[in-house]
Amino acid sequence: MADHQTQSRKADHIRICLEEAVQCETVSTGLERYRFRHCCLPELDRCDLDLTTEFLGKSLQAPLLISSMTGGTDQAKHLNQCLAAAAQRHGLAMGVGSQRVALEKPEVIPTFTVRNQAPDILLLANVGAVQLNYGYGVDQCRRLVDMLEADALILHINPLQEWIQPQGDTNFRGLLGRIATLCTQLPVPVVAKEVGNGISGVMAQRLLEAGVAAIDVAGAGGTSWAKVERARAQTPLQHQLGTTFGDWGIPTAECLTAVRAIAPQVPLIASGGLTNGLDAAKALALGADVAGLARPFLVAASQSEDHLEAQVQLLLAELATVLFCTGVPRVRDLAQAGVLETRG
Amino acid sequence: MADHQTQSRKADHIRICLEEAVQCETVSTGLERYRFRHCCLPELDRCDLDLTTEFLGKSLQAPLLISSMTGGTDQAKHLNQCLAAAAQRHGLAMGVGSQRVALEKPEVIPTFTVRNQAPDILLLANVGAVQLNYGYGVDQCRRLVDMLEADALILHINPLQEWIQPQGDTNFRGLLGRIATLCTQLPVPVVAKEVGNGISGVMAQRLLEAGVAAIDVAGAGGTSWAKVERARAQTPLQHQLGTTFGDWGIPTAECLTAVRAIAPQVPLIASGGLTNGLDAAKALALGADVAGLARPFLVAASQSEDHLEAQVQLLLAELATVLFCTGVPRVRDLAQAGVLETRG
Amino acid sequence: MADHQTQSRKADHIRICLEEAVQCETVSTGLERYRFRHCCLPELDRCDLDLTTEFLGKSLQAPLLISSMTGGTDQAKHLNQCLAAAAQRHGLAMGVGSQRVALEKPEVIPTFTVRNQAPDILLLANVGAVQLNYGYGVDQCRRLVDMLEADALILHINPLQEWIQPQGDTNFRGLLGRIATLCTQLPVPVVAKEVGNGISGVMAQRLLEAGVAAIDVAGAGGTSWAKVERARAQTPLQHQLGTTFGDWGIPTAECLTAVRAIAPQVPLIASGGLTNGLDAAKALALGADVAGLARPFLVAASQSEDHLEAQVQLLLAELATVLFCTGVPRVRDLAQAGVLETRG
Amino acid sequence: MADHQTQSRKADHIRICLEEAVQCETVSTGLERYRFRHCCLPELDRCDLDLTTEFLGKSLQAPLLISSMTGGTDQAKHLNQCLAAAAQRHGLAMGVGSQRVALEKPEVIPTFTVRNQAPDILLLANVGAVQLNYGYGVDQCRRLVDMLEADALILHINPLQEWIQPQGDTNFRGLLGRIATLCTQLPVPVVAKEVGNGISGVMAQRLLEAGVAAIDVAGAGGTSWAKVERARAQTPLQHQLGTTFGDWGIPTAECLTAVRAIAPQVPLIASGGLTNGLDAAKALALGADVAGLARPFLVAASQSEDHLEAQVQLLLAELATVLFCTGVPRVRDLAQAGVLETRG
């Protein structure tokens, strides 16, 4: 695919995610089926609350990830820099969007590189796993990581999106072996991530056996890439595929419990449809170490830096409220028994 | 019943199915309760996908059946020829509507005969099973098959429709025995099929013991023949019976699991309320060998050949999408464990 | 209560049941949770269907009861005579409304007496059980039966209605004993019946131990007497009680299964919210011997004799349709296993 | 917090509870899942019904509590006096709102003191448990009780409200110990009470171990204090916290069953979302000894004394109706087995 196509696609994605109805409708994250058990006597003060955590060897001030979104255009550069500054201010993790275009067209590298704004954060490089079948190897991946001074590389795995989008890359043959090779050779950890259709327990197991260091389930219930691509469809057939498969995927909550069941210790990111800090806290209580949000950060950042700052503060306050009202002082302990319940 | 009545009834059916609200409302196919388990790493390329299957000894390019619908009028002839041409182009199976009128009025035979358009397809003759009580025997059935150069004969079994329609044939006594006799004597296989109220596990067992070679469950959730006949009612009582029994029947998904449970190997067609390739794939994953659709093909064919072609291509693309995103290369393997799940 | 009050109350009841929204809303009969298992090959003809049954020693042409409704006014007389004529024409059972007024005011006796119109039917006298605490004994009850030439006496038991209505009779003390005495002394069988709040398994047991010969569950889901009395409220408090308790009671379907469980053989009438022959058939399949309907007959009879005749024919046709499409030739056999299923 | 702030907050609360949408929406009390088993033959007369009970050593004419609401302003004084007069007339229990302001600003004491109007009732003093961390000890609490001539002291525990409200008191450290000390030293019993988010079984256990004499679960489903404080928010963040946590908490019905399971004998108050006497009766049948209502009394009292009187009479009539129609003569026996059922 030509570079300018990739760029215009990136611009499309931002616009569509902001302006069109691309959220899942008949499938939800499943988080609404859970409820925290209120603790009327938390035996805590505000200052006892501890949102810090560790992930992939770095400290976070809160278990929040600004999920991989963008890069490659001027608007993307601006967004990435805002997001990175917010991540740095608040000690959050951050990912950038797929960096493929940056290898193909080096002049857009600065639209991704945010280390200056964010010297201390856990920063995650990003590329589609399927590119390992389209010319990418350890060298390319290393360049993506180096370009960003990233702490880890996210391989996003998006078969449905590739399938539906015009000229998508649909050769997913033998990817698991190539991921395994990459994991042994790349100097930083590899994170396997979906983009909104979820990673099942079975697939998580295979990915972990292949050597990935962490999983981001990126489940169904939030931004639907089938619907995003529907908005970009070039033929009626693509459009109708986007409709038929707009709510395809495994709900985020179900991914989390399934992955946690097969891999109790694996570093685990929850994303896909988390809308606020209460959702994030539920995801953490279901076993995630970090909660990733994409669209909520995009919406705020595209308004202004102040909106983004307010959004981050709200998320932190919501997380703190959950800790206070469940009587759990440390966010790392939210997954203990008896804190989250299924609704009666 | 006089011939012209049969003909005008056929024309009515087409018009009513296209223009009036005759879909089930308070009962659904039950397929919406299932969800495919997304496979983020399918290890497949587009070209690895194999939609082919075998059914009743013939190869199909895809496990799709254009369900029995029409014949007997000029419009029906046109529709049948379009449908047959599409089936031939794409290697699908096809059935024609009840051929009773063609025996009674030979000049309408050409409205059914589509072998010229479709030399290679699995082609299914059709007559109401109840006619075995109204003068039909193996000779008549053989003539229906021969007239069509059909590969098999569908006996549709429609007690509710006969009951509700004006002058319906309601003597269903001793039919099982007559079906058994027919099965031993007819040179082609006999398929037992409902028309939208479903075949239970118990009835499937009896039909198989009688010697039918295949079952088409034709369950509830799609076109409701009680509602179609309500639209043709000649008395208030008929009209109200159509209302009371408009949602009668066993949902398609329940028929499939019940029939598969008692007959793990029987050639099995799923029909009744399948609206797209995702529904069809779910029906296959529940154990059907072939998915039959009536109304969706009728709607498309009645618009234009291009619409019909687009409809077929969409169904094929939807089936392929399911294969790709479940990581199951061959449509014949969709029914394996772990592919379809009940929604959480 | 003065006689003319009783009479005007009766007129009110008819008007309110016809004109106001007095059906249950948040509670339903529970019959909608069941579905008949469609039988595609019934092996029956129309003439094989047998709707006849026996109840309390009399033959019925169909297991239908025109439930106890009215008497005491000119309009009531007209309704009763229409209903009785229809019952006679079709061999149905029929009850009249509470005959208390007829003892107090003999000139209204002719508004109840329908034996002339219906020499052969199972005819049921009716009085409130609570009257046994307000001066009624075996003599009065015998006069009610004799006046009607009735085959049995229904004692309706309506604590909620009495409680809510202006000047209701709320002394229900020691009634069970008085019912027991009555049962030993009255020459005809006694039927215990609610009026829309249902009879539980426990209460049915007690009533049977007291000697009643049959039970009419008259459960929740249809006409709500709390709502009827709300429409007649004389104070805001009565009105609000009618609202709070408008959906009180045990759903008809639950009453039936509970009573059948404790008394497998007792003659059992289902009433309360049955709207058509499909509901009636479900009630029979749950174990009732006879299905009683009040409001549907009232609505039809208040329009015209033709409407009433059409209503009866529709009910019979609906019952027959169920028999045909379940392959059960005799309505008495509807309760056998495998005919009715809970919806999946 | 300055005194006048407390006062204006109290005025705000009344106004907001009366005028704005501050009821829970996506969470309900859970009482709607239960239904009383109708008893068609109660064997009771109106005069057999006994609504009396005992609670904390005092007799009540009915198991109803006018829940703690207000004080500190002129309007509050008027409301408290109306409510107290009604409580006295009908022998109900009553609580006043938090008395903190009365210690800080002695001139408002008369807005709380209602003993003159209500010499005989069970009267409950009220203060936030968290004040034990903000300078309150046994002396202050004793003064609150004495000021009111109260029979007991309610400690309300409201972590979510304190957390969300401007300048809330959020130091809940070590409260359990301080509550324990208070319980040993205060001459009257201490009642632990939430304000609408519920007390879990686990927390009830701890509170009882600390020595509290009774529990008021004050569960979710009614007035939501997060929503009340949202209406008073001074910043967008507070407002959004109010939205996110507006439906936080454990439904009242679930609190009741959980607390009853761990403490079969503890004096137990049900409050939180009870809207009428049928709800109250369900709460009693789930094991509560007394049912507390806040908003319904507030709405009535703010209209007129007549409205309040009508409201009380309606509640009593509704309770009596439940007794009559379940055949349970004494309200104290509503919790016996077989009276309340889960809806089918």
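Per-chain numbering from 1; labels A, B, C and D assigned in written order.
We adopt the following convention: a contact is a pair of C-beta atoms (placed from the backbone, for glycine too) under 8 Å apart; a residue touches a chain by one contact, two chains touch by 3 or more.
What you are looking at is a predicted structure, and each value in this text was computed from that prediction instead of being measured.
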### Task
Using the touch definition from the top, list the chains contacting both subunit A and subunit B.
none
### Query
Can you give the rotation angle that fits subunit A onto its twin subunit D by Cα atoms, in degrees and rounded to the nearest 5?
90
### Task
Since subunit C and subunit D are copies that touch, just let me know if over half of their interface numbering is common to both, same, or not, different.
different
### Query
Any idea how many Å lie between the Cα centroids of subunit C and subunit D?
44
### Summary
Averaging C-alpha coordinates per chain, one finds the centres of subunit B and subunit D separated by a number of Å equal to 63
#### Entry: subunit B: positions in contact with at least two other chains
none
### Query
Which of line, ring, star, complete or other matches the graph of chains that touch?
ring
### Query
Mind giving me all the chain pairs that touch?
A-B, A-D, B-C, C-D
### Summary
Note: in the complex, subunit C contacts subunit D through residues 27, 30, 129, 157-160, 163-164, 170-176, 192, 194, 197-200, 202-203, 206-207, 220, 236-237, 240-241, 244-245, 248-251, 254
### Message
List the residues on subunit C that touch subunit B in their complex, please.
### Response
35-46, 48, 276-278, 310, 313-314, 317-318, 321, 324-325, 338, 344
